[in-house]
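Order as written gives the chain letters A, B, C and D; numbering starts at 1 within each chain.
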Amino acid sequence: MSGEGGAAAGGYTGTERILALSDGVFAVAITLLVLDLLPAFGAAARPPALGAFLHDKLASYLSYVLSFLTIGVIWTNHHQMFTQIKRSNHVFLLLNIVFLLWVAVLPFPAALLARYLGQNGPDHKDVVATFPAGHPLFESNAAMAIYAGTYVVGSVLFNAVWWYGIRNRRLMGDDTDHAAVRRTTWSYYVGPAAYVLDLILSLFSVGAGLGLFLALAIFYALAPLPSMNRLVAPKRARI
Amino acid sequence: MSGEGGAAAGGYTGTERILALSDGVFAVAITLLVLDLLPAFGAAARPPALGAFLHDKLASYLSYVLSFLTIGVIWTNHHQMFTQIKRSNHVFLLLNIVFLLWVAVLPFPAALLARYLGQNGPDHKDVVATFPAGHPLFESNAAMAIYAGTYVVGSVLFNAVWWYGIRNRRLMGDDTDHAAVRRTTWSYYVGPAAYVLDLILSLFSVGAGLGLFLALAIFYALAPLPSMNRLVAPKRARI
Amino acid sequence: MSGEGGAAAGGYTGTERILALSDGVFAVAITLLVLDLLPAFGAAARPPALGAFLHDKLASYLSYVLSFLTIGVIWTNHHQMFTQIKRSNHVFLLLNIVFLLWVAVLPFPAALLARYLGQNGPDHKDVVATFPAGHPLFESNAAMAIYAGTYVVGSVLFNAVWWYGIRNRRLMGDDTDHAAVRRTTWSYYVGPAAYVLDLILSLFSVGAGLGLFLALAIFYALAPLPSMNRLVAPKRARI
Amino acid sequence: MSGEGGAAAGGYTGTERILALSDGVFAVAITLLVLDLLPAFGAAARPPALGAFLHDKLASYLSYVLSFLTIGVIWTNHHQMFTQIKRSNHVFLLLNIVFLLWVAVLPFPAALLARYLGQNGPDHKDVVATFPAGHPLFESNAAMAIYAGTYVVGSVLFNAVWWYGIRNRRLMGDDTDHAAVRRTTWSYYVGPAAYVLDLILSLFSVGAGLGLFLALAIFYALAPLPSMNRLVAPKRARI
């Protein structure tokens, strides 16, 4: 963009194509969540009764909203990360691809949660395993724990991308606000610990697991507010 | 882009990544509409008779065209919005993500409409509910009402994004045409009211619901014409 | 990009978001073609014999390659169009959306062709209709004719977008090469006529229909060669 | 971008729209890999036991990770290619589209591998063919060989795009590092030979085929490290 051709490929700067692929994977993965809501393709000529069809999908709606909002918040944090990281090297590309591998798989735990959320209680006791103390693990608990566990992995990967980025000073912008970086780093530490806690809670109570998960989405949605508004909207931006 | 690195991340300005994610979600959601037309994956070696297959899909074609055009028009209005809004903050990002949650779900009501459009009349009386006055609610009416109701929600969300954008003056461009903004704001008010009316109509007549819906798509396609041509195509643009 | 904020929204110039949506829809539609090759989701624990599975998909491979190359060539022509058209107005946006409605539907005729290509001959005489002269219309002929007919519609839409663009001089760049525009316009006229011919041929011979279709893809791939290399790769470009 | 309108269309330079389509196809193809993990759409009200469902998908997880990482690495190499190639002509566009045809098909061999990986051994001897020396070809070997064979084709196509790019000097940047180009060219030669070897190994041992495939992904992930860090992260980049 700046006439220094060395780092710019076809109008892309060092981070532009990472962002193009990342935004593409985020956009596709987040939109594929809707597949779980759709009626079966090639269904019989006579569809099931509308009321029953909609009612059977209740867990799918919950999973869709929870997953979409969480992935959306992760995307804003990824967006936030790239207000600080302004160049790329090969290791950073690779780390980001491993992170995207995780983003793209998210429709899978979302579909599991949707499918197995109601699978416990007195009616259908689908016990996956029994804990030493005799506590039964229902399929709904297992699905919620897998869902939370996926985000344990994701928050570790997110931290890894961020850590590599801020350790490697050449990837940061020259005008880095180091205090903001430190605050951001601390807020990211919350993720792995909180999702591990959520995983453990989920084994005992699906409701508690879902509740904490939602609370974390809200925390991550609102946490960057103080610093980010300043970072993203400078007093005077010429476009 | 302008050499002021503070707000620009990897060549993205404040609104560029929102637009990248938004255009991605719009592009994927609008293209996933075709899934409802496709033959079942992994079908039997012997497909159904071609004529019957095509005839069974008539409601799907209607739903595809109606949904694609409407989402396309919403995209042009989103495009129009970002000729006025030129910076982003975190709340605006979050509002936009909630709006995209709605965009991504649109293949779902489209598939419902396609599947249940023909489900009433003397042949198959699939009554979902009965109104106090004894009027039966057919599945086709319910599906059309859900379809219209989805757009009630969407037009409210669209207005919320727009309201936040124009209230927060720092998000607007410095050369904002305030008269054009006011005209645009008024045209957006039409949406929620019109879609509520369409929802109510749909309960009594699928045809009336479809007709008003189509009329609204045409209205929103043509409404920005006078002001927008001026805004988008300046007399002399250097690229 | 140029500091003239009036036409640029969030770093997007007049045609940038059209191109972002268009490239997104092209990328998704072209990639969804693979769905027809995939084994059924949630298949039985025991998949069919590999050899038989691969053999049953022969028509799908043909349809995939033919459709992908043709859509790819259309994309290069769309790309070529935007080396001449440099600004956008609302009508142009709408025309482009109708064109994209057509792009997004292309996996549908591709799947029909794949499914019904082998449905004729002495073994299975699936006659859709009988012509006045007693000639039977096989399902394979009908599928090929639908496939060609889709491209009749598409080439008309493509011409409509192009016609609007070149008629409306304010959408063209200031340095337009009018001779190149005229040559391009003439080459686009070939499309509708050729695809109508292909449709008619397909009714009598699937092989002739496929052959002409492939020849047209090659013609459109190579036609822009003389003028385009000059347009796209200027003697000296600073990036 | 630079004010020289001749080569720039709607803010796109010569390679920008290729990159937009390419990144789109990469993003969609890589994200569609998750489809093979999802439960069947429109499944019965009662899903299968969670433990059994997850266990049946083991080969799918392996195929997902292997395919995602490999496609990701190919994307970084495509990214790397475009740090050297800075302009486009029509032939280059067409070659790139043929390459993208190959990228978009990758979910197909990935799904085959996932479905047929366990199909051999004493339990179910699914012999596809028998070699002259009497060695039986199991379905798992055939699926792994098809998987490897796909990448033989892809590495040849990748080399073709690269060869055309570096032969046609006008496509290269003015500040090309010719020594780096030669090193890159040599590293690309490894691909076709190594994947042919992998194909042959796969016919005799699925494990050996998988192992070499993984080793190649790691080799291609790490090979550009020495030269690329220098190319992508210049000492001082103005954004």
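Operating definition for what follows: a contact is a pair of C-beta atoms (placed from the backbone, for glycine too) under 8 Å apart; a residue touches a chain by one contact, two chains touch by 3 or more.
As the structure is a prediction and not an experimental result, all values here were calculated from the model.
Annotation, chain A versus chain B: rotation angle of 90 degrees from the Cα superposition, expressed as a multiple of 5.
Although chain C and chain D share one sequence, what matters here is the overlap of their interface residues, and that overlap falls short of half of the numbers used. Centre-to-centre, using mean CA coordinates, chain A is 25 Å away from chain D.
Separating the centre of chain B from that of chain D, both taken as means of CA atoms, is a distance of 35 Å. Within chain D, residues 1-3, 5, 10-14, 20, 24, 27-28, 32, 35, 38-41, 43, 86, 88, 173, 238-239 each touch two or more of the remaining chains.
Of all residues in chain B, those touching chain A in their complex are 1-7, 9-14, 17, 20-21, 24-25, 27-29, 32, 35-36, 38-41, 43, 56, 86-91, 93-94, 97-98, 100-101, 104-105, 107-108, 111-112, 115-116, 119, 126, 128, 139, 142-143, 170-171, 173. On chain D, the positions that touch chain A within their shared complex are 1-2, 12-16, 18-20, 23-24, 26-28, 30-35, 37-43, 45, 47, 49-51, 64-65, 68-69, 72-73, 75-76, 79, 82-86, 88, 173-175, 221, 224-225, 228-229, 231-234, 237-239.
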